[in-house]
Amino acid sequence: MPEGLADIATIVLTGIGLVFFLAGTVGLIRFPDVFSRLHALTKADNLGLGFIVLGAGFQADDWTQLAKLGLIWALALLAAGTVAQLVARAALRQEGRE
Amino acid sequence: MTFWLHLIILGLLGSLAGALWRVWVGPAQADRMMAAQLIGTTGIGVLVLLAVLQDWAALTVALALALLAAMAAIGFVKAASSDGAGDPEECAPGPTDARDGQR
Amino acid sequence: MTLALDLGLDLAFGALILATALAAVAGQGLFRAVVFFITYGLLLALVWARLGAYDVALAEGVIGAGLTGVLLLMAQGRLRRADALADPPARGKLAAALAGASVTAALVWAWFTLPLPQRIDLDAPMAASGVENPVTAVLLNFRAWDTLLESIVLLAALVGLWMLARDAEWRAPLGPGFHARAGGVLSVFGRLLPPVGLIYGVWLVWAGADQTGGAFQGGTVLAAVILVAMMAGLARAPRVGAPAWHAALAFGPGVFLLAGIAMIAVGGGFLTLPPEFAKPVTVTIEAALTLSIAVTLALLVVGPPEQQNGGGT
Amino acid sequence: MSRVTMKAMIHRTVVFALIWAVLSAGDPAGQVLGLIVVPATVWLSVALLPARNPLKLWRLTGHTPRFLVGSVAGGVDVARRAFAPSMPLNPGWLRVPMQLGDGARVALGAELSLMPGTLAAGSDGSVLLVHVLDLDAEPGRAVEAQAAEIAALTDPAPEGP
């Protein structure tokens, strides 16, 4: 891919990524209860990271950097899916107690 | 390109500052904890961009943070369990969902 | 324009770090302080990366994200269960603030009055060190004495922690007796993460000789892996007397010491690595240290034995 | 060693060898070290997660794009609600009984947490607890469709205890 096109792809993708990160934070601040806020955090952020990773991928010099970027996103997704369920459940229990 | 990536990182740091506000006000422990989680994910994003901007060695750090991203939350749910060593899934859920159950 | 943005980025990092540090010590509530402290560690890792110190960023990141958070959150939970969650009196806070401010003032004074040290030329010694990562060369070659003693200090810290155990619980397994729902979210995560963590931790140690990484960073990742397996209820914490675990704890410092003595025999002097042996000896010491660092750090977070009085099941 | 275990070990060896190759690219001595590290990792993986019902890889490749599209839709949906001045939310809980095995149920919970409008909070017995952002959008149907898709990824035999 010509350098100019790769740069445009990076600019567009990282821009979209930032929008999703901002959406996650806005949701975290605006949404009315713990569980709705968890929605915002889990979905928007990991999508944001996905776009940032993709955007960075267009600047990679070789395939190992691409693969590392993919691994970073995969691990972040695994953590997000686990943390969302665990924190939601812990919040459910604490709500019942306090 | 350099200019744009600087802007994006600044935007990410702004988003991170919003999450800091949520850590401050809470109110639930879970709120503070998930804001910290958001800061972690944002931090990974910043490191990925620093890798492009400065040196790909930053990916090594990003990879480590992604690998350990769930650790603090696991510590939190352990500490929040009744004996400090358990798992929130071991007990019946709280009353909320019994009330709201739709099915 | 880009220069201004560069500066703006540094200012933003600085402002965030300061705000987080202040938030961690100001205000009421231990839980909030703990979460701010975790965040602070993460931001610090970002700042080190921004400064180009990726080894330090890695150390800060893995310790902060992997271990300190778990340790502090579990300590907070324990205080809550013991009903000991009182905020310190305001007078104590004032004294601490004054002490902190005077240390900062002294550091600022020192920064402006002390002469800047001459830049040390590392090219010649690096060529003889057998490795390409200057951090590893300093830690395991130029200042090997320091690192040897540090590895022993870590061991001493663990022994000190164990001494906090009650007599009645001395023979119980270490820690609070973690358990988790079989087939639950935590248990499934605990089955998926450790293999990837093992690969990454070992690679960090190996790569540390020539690029970002090292025994301490890799060992910390492996410690987190051990911890995840234990917290997910998949691996049992050992007892204080378990011989295999004792061996793992002493292995690193032991190999380090023996290698140091062996260097006398080959003509270098205690812990002085002749260039022709430097690479293999460094890698051997790093591998052995990694095992001990991983086990020591994991057991430090797990804590002393305490399962007699309603801890676990 | 059963055929299932053999197959799983081969899959995992490929995955872990690939990760090691990515990390140690351009370092011949490091690649040799992989001959020790990769088998050790496969052993750890099989010890922690014994192979019971193998994934159907070809179904997984079909599932991945649908997962990606779903998670983009999830992000867009939540961003729309966050930025909208009126913030349309009608949150509530669903209890969805599951026929899935343990691992598949946890995977479903993780996926649902990234899909539009649903967030799992673990399970109570075999009943998955799902928080939904909008009870009016018939989220129950989406959850069941997702569950069927996850169920199709593994062999029909239910997982062991």
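We just call them A, B, C and D in the order they show up, numbering each chain from 1.
Assume a residue touches a chain if its C-beta (ideal position, glycine included) is under 8 Å from a C-beta of that chain, and two chains touch if they have at least 3 such contacts.
Quick caveat, the model's predicted, so the values are computed rather than measured.
Asker: By CA centroids, point me to the most central chain in this structure.
Answerer: Here the chain at the core of the arrangement is B.
Asker: Name whichever of A-B and B-D has more C-beta pairs touching across its two chains.
Answerer: By the number of C-beta pairs in contact, the winner is A-B.
Asker: Approximately how many whole Å separate the CA-defined centres of chain B and chain C?
Answerer: That pair's centroid distance is 21 Å.
Asker: Report, in whole Å, the distance between the mean C-alpha point of chain A and the mean C-alpha point of chain B.
Answerer: Here chain A and chain B have centroids separated by 10 Å.
Asker: Using mean CA coordinates as chain centres, what's the gap between chain A and chain C in Å?
Answerer: Roughly 27 Å separates the two chain centres.
Asker: So which bits of chain D are touching at least two other chains?
Answerer: 19, 23, 106-107, 109, 121-123, 129
Asker: Residues of chain A that touch two or more other chains: which are they?
Answerer: Correct list: 24, 26, 38, 46, 48, 68, 71, 75, 78, 80, 82, 85-86, 88-89, 91-92.
Asker: Considering chain B alone, which of its residues make contact with at least two other chains?
Answerer: 14, 16, 29, 33, 35, 63, 67, 69-70, 74, 76-77, 80, 88-89, 93, 96-97
Asker: Specify the contact topology among the chains shown, as one of line, ring, star, complete or other.
Answerer: The chain contacts form a complete graph, every chain touching every other.
Asker: What residues of chain D sit close enough to touch chain C in their complex?
Answerer: Checking each residue of chain D against chain C gives 12, 16, 19-20, 23-24, 27, 30, 33, 37-38, 40-42, 44-45, 48-49, 102-103, 105-107, 109, 122-123.
Asker: Using the touch definition from the top, list the residues of chain C that touch chain B in their complex.
Answerer: These residues of chain C touch chain B: 1-2, 5-6, 8-9, 12-13, 16, 19-20, 23, 27, 31-32, 35-36, 38-39, 42-43, 45-46, 49-50, 52, 54, 57-58, 61-62, 65-67, 69-74, 76-78, 80-81, 175-181, 184-187, 189, 193, 196-197, 200, 204, 207, 211-213, 217, 221, 224, 227-228, 231, 233, 310-312.
Asker: Which of the residues in chain A end up touching chain C in this complex?
Answerer: Where chain A meets chain C, its residues are 75, 78, 82, 85-86, 89.
Asker: What part of chain A is in contact with chain D in the complex they form?
Answerer: Residues of chain A touching chain D: 19-20, 23-24, 26-27, 30-33, 35-36, 38-40, 42-44, 46-48, 50, 62, 64, 67-68, 71, 77-78, 80-82, 84-86, 88-89, 91-92.
Asker: Which bits of chain C are touching chain D when the two form their complex?
Answerer: Chain C reaches chain D through residues 182-185, 187-192, 194-196, 198-200, 202-203, 206-207, 210, 229, 234.
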